[in-house]
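Every chain is named by a letter (A, B and C) in the order it is written, and numbering of its residues begins at 1.
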Amino acid sequence: MLYGMRRFSALAIAATVVLSACSSSATPSPAATPASTTGNCVTGSITAAGSTALQPLVQAAATNYGKACPGATVTVNGGGSGTGLSQVAQGAIQIGDSDVTAQSKLATPLPADSLVDHIVARQGWIVVTNKDVTGVTNLTTQQNVDIWTGKDTNWNQVGGPDLPIVLIFRPASSGTRSTFKKLVLNNAVEATGGQTLTEDSNGAVTTAVTTTDGAVSVIGFAYYNDPANKPLLNGLQLDGVDATVANMASSTYKLAADGHMYTNGQPSGLTAAFLAYMLGPDVQGTLIPSLFYAPVVH
Amino acid sequence: MAQLTNTYRATGLRAAPSLRQRIDLPRRVVFGAAASMIFIVVLLLAFITWQGLQLFIKDGVSIGQILSPTWQPDSTSPNLSFGLLPFIAGTVYVTALALLISTPVSVGLALFLSEVAPGWARAIVQPALEIFVGIPSVVWGWLGITILVPFLSHTFHGGMVLSLPIAGDVFRVPGFLTGFSWLAGSLVLSIMIVPTITSVSYDAFRAVPQELRTGSLALGTTRWQTIRHLLIPSALTGVLTAIVLGMTRAAGEALAVQMVIGNSPSMPAAITQPVTTLTSQITLDMGNTVFGEPWQDALWTMSLVLLVISISSVVLVRVINKRRMGA
Amino acid sequence: MTATPSQTIGRPNGPKPSLKGKSSRGIILADRAATVVLWGTGVLVLTILGAIIVHFALAAWGVVTLNFVVSDPSETALGGVMPILWNSIYMLALTMLIAVPVGILGGIYMSEYAGENRLTNAIRFAEEAISSVPSIVVGLFGLILFVDDLHLGFTALGGALALTFFNLPLMTRLSEQALRAVPQDERSASLALGATKWQTIRHVVVPLAIPGLITGVILTAGRVFGEAAVLLFTSGIGTPPHYDFTNLDLTNPASPWSPFRPATTLSVYIWKLNSEGLGVFKNQIVDGSAAILISMVLIFNLGARFIGRVLSRRLTAA
């Protein structure tokens, strides 16, 4: 009942500020003019929001699509995977970007059933350390477990210098953290407290790793390979496998997961056209490798 | 002030009210504008309270559980627990240290402006404080992350045994392992709240009648004696108000703090170690959780706690000032 | 500077009677020490502010050029912040469009009509309460109300409304102060001439209060300009696309004039770059953006003082 009240007051506000229904809903027009490489150009305006790990890719694709198709605007927002899923389920946006599947996040009152998954890329993560952790170029899965659960607390236990290990986590709610926990830590319970840090984004993690002696963390390929970050960080192999796009594409590098774009129901209009563009040769063949993602595995 | 308004109202009523005056459209319009703030507060309270209570209503979490120190909100976690104590404690500790640093400086500055500074100095410092207020919190955070955090970690790195080790703490280390820390958060906040505490204390000192000062000085006391034995006691309630307002600002600040405190979701152990606060945890998790899941409901409960803190401080300020009126 | 304190008040020279039985020498030393410490606080604050301004002036040197202000963002080059700066100004205008009239009207009620009663007390309580609510809570409120419940998504409109909620108390209080500062005699004279109350307010009180009202507007504007936590959750966080200013269709989210589009402002952009920025120029762009923000704050504050002074001189001279 109170829920109803809230809805009602929301409507009351809507009335007071005189909001008409002209919000950012997709206004697909069927005037599909054939374009060279973008498949079908559809005019209109949509918003994609959510995962920050996918954001560089979606942003670049949206910019390119907008250039190729005048009259089409795809606005890209971050906010996190949870935001993307919540809002696409509520109909506030047209595409929700997520690092994780909707089933793993959504429950009542926002059922995942109506959401349609579009896997658009594979994204990888790499374990990075501060530059002062010399002599460590590889960590095995077991070594990672020992470090991240707090069993090993000094780099000399894994062949590095005599330096305390400072763990820099991503927030427990983040896709990066849950993927790492599942694929590498095998769901072991991570260390907490004392000298562990939590930073909420690739950028903040990079800053924290570079300014903290003995720090270790996990960041996305796109951020690690960024010319601003790469010289500041030690990127580690995982079980002797280099963290490269090729190894991720061939599934020999295991710290990788699908990037999802969700729509509420089957997409139509500009949303469908943009998703088709995401899966087309421009994005899969050219853009994706240049941004250190891997194409969709069929 | 009230007196003036009443006199004025009386004058206004002298003329016989015409029909137009009785309807008095302008009065209704301006009243509506002022009363819109009541509307906003009620709406805000209703929404945040309703959302903040979902954790108890919908998810069946007990009040006792949110006071536990264990934060395991992941639904896959074997021992699910929504203990908010680390965040509440973090907010309290970070705020308290910020006040401890900021209050002497701010009250000193208020005394300087009100009692010591010549006109030209006041003409420089007062606008400077206004500019201080205007510096966005993200800019403070950016300064914290680029200057303060590296400074702390390199200057005091491992050299000083500053931490208070707690038994069983796996990462017990003396000194700063990393500059992201309780101290960094408190330092950033202490600068951010200087203008608040200063301006309110300044008003309190200015409100002390000039005759009292002259009288005291005529007795041959020094300026410092006058300040200590006369001004500070007379302006005490005003200074307390200033501190409460500074506290509210510090406890509610989100982005600048989140950037520098390290966000470790465990009970604060030492000022050299990372801690977390209510605001920073909300910033970290809100985007990654989905609407309606217990995890996000717990974040709404945190914002309800913040709301309760801020509304209580408003009530506290009123109580302090009522006592001053009564005294 | 620290010699003979309290000289200005004309303290008699010679030995002083002690309040607490200390030696007079100790008392004088304490007084001098206190004077030094109090001057020290003033110097400290100015030093910190000066250091910050110098820091950003140096950091922005060579970054903030005309090109930086008028170019679109880029990840491979320094680029610019034009669309983001536009969003900051746009959000400011949209917020002030709502907050200024409502705030001034509310100020008129509080200064000219409100009696000492429960209703006034409730309004004052509401005013203080909103001022004390953390900005992140206001942001979350905006998220739930505008973004979710009203299905607006992330829009400039939602952000501006949330900012209005947040700044209305400040605008109202500053307006009330400005109006109360108008001498009572002016009102009495106008009423004595037979003007109605509203005529008095419109033609006498408000014009006389204009310098104070403008100061209020500018100070509120400064706060709106720097706010980030409210907007993270309401108007969105992203790198804006290239804006086509010839698109005047307000209902089209592609138009930079439309309130129905996400609008990342400078403050939010700093947060975004720190979180997810890419490219070697990231830190320079943050420094440049921060320098622009601080300059705007300086301009707002000095502008408020200057305009207030000029207007009050002109109005009192007339």
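Assume a residue touches a chain if its C-beta (ideal position, glycine included) is under 8 Å from a C-beta of that chain, and two chains touch if they have at least 3 such contacts.
On a predicted model such as this, the values are computed, not experimentally measured, just so you know.
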### Message
Please identify the chain with the largest separation between its CA centroid and the CA centroid of chain C.
### Response
A
#### Entry: B-C compared against A-C, more contacting pairs
B-C
### Message
So the centre of each chain is just the mean of its C-alpha atoms; given that, what is the distance between chain A and chain C in Å?
### Response
35
### Whole-Å gap between the CA centroids of chain B and chain C
17
### Task
Quick one: which residues in chain A touch 2 or more of the other chains?
6, 13, 78-79, 86, 90, 200, 204, 207
### Task
Give me the residues of chain C that touch two or more other chains.
145, 148, 274, 283
### Task
Would you pick out the residues of chain B that each touch at least 2 other chains?
43, 47, 145, 259, 283, 286, 291
### Query
Where on chain B is chain A touching in the complex?
43, 46-47, 50, 73-74, 76, 145, 149-150, 153, 157, 169-173, 177-180, 258-259, 262-267, 269, 273-274, 276, 283-293, 295-296
### Task
Note which residues of chain C are touching chain A in the complex, please.
75, 145, 147-155, 157, 161, 236-239, 241-242, 251-254, 260-262, 272-283
## Note on the structure
So, in the complex, the side of chain A touching chain C is made of residues 6-7, 10, 13-14, 17, 19, 22-24, 45, 47, 49, 52, 55-56, 59, 62-63, 66, 73, 75-79, 86-87, 90-93, 200-204, 207, 222-223, 226-228
### Summary
So, in the complex, the side of chain A touching chain B is made of residues 2, 5-6, 9, 13, 78-83, 85-86, 89-90, 105-110, 150, 153, 164, 166-167, 171-175, 178, 187, 191-200, 204, 207-208, 211-215
### Query
Which of the residues in chain B end up touching chain C in this complex?
1-2, 4-9, 11-12, 21, 24, 26-27, 29-38, 40-41, 43-44, 47-48, 51, 105, 108-109, 111-113, 115-118, 121, 124-125, 127-139, 141-143, 145-147, 191, 194, 213-214, 217, 219-225, 227, 229, 245, 248, 251-255, 259, 279, 282-283, 286, 291, 300, 303, 306-307, 310-311, 313-314, 317-318
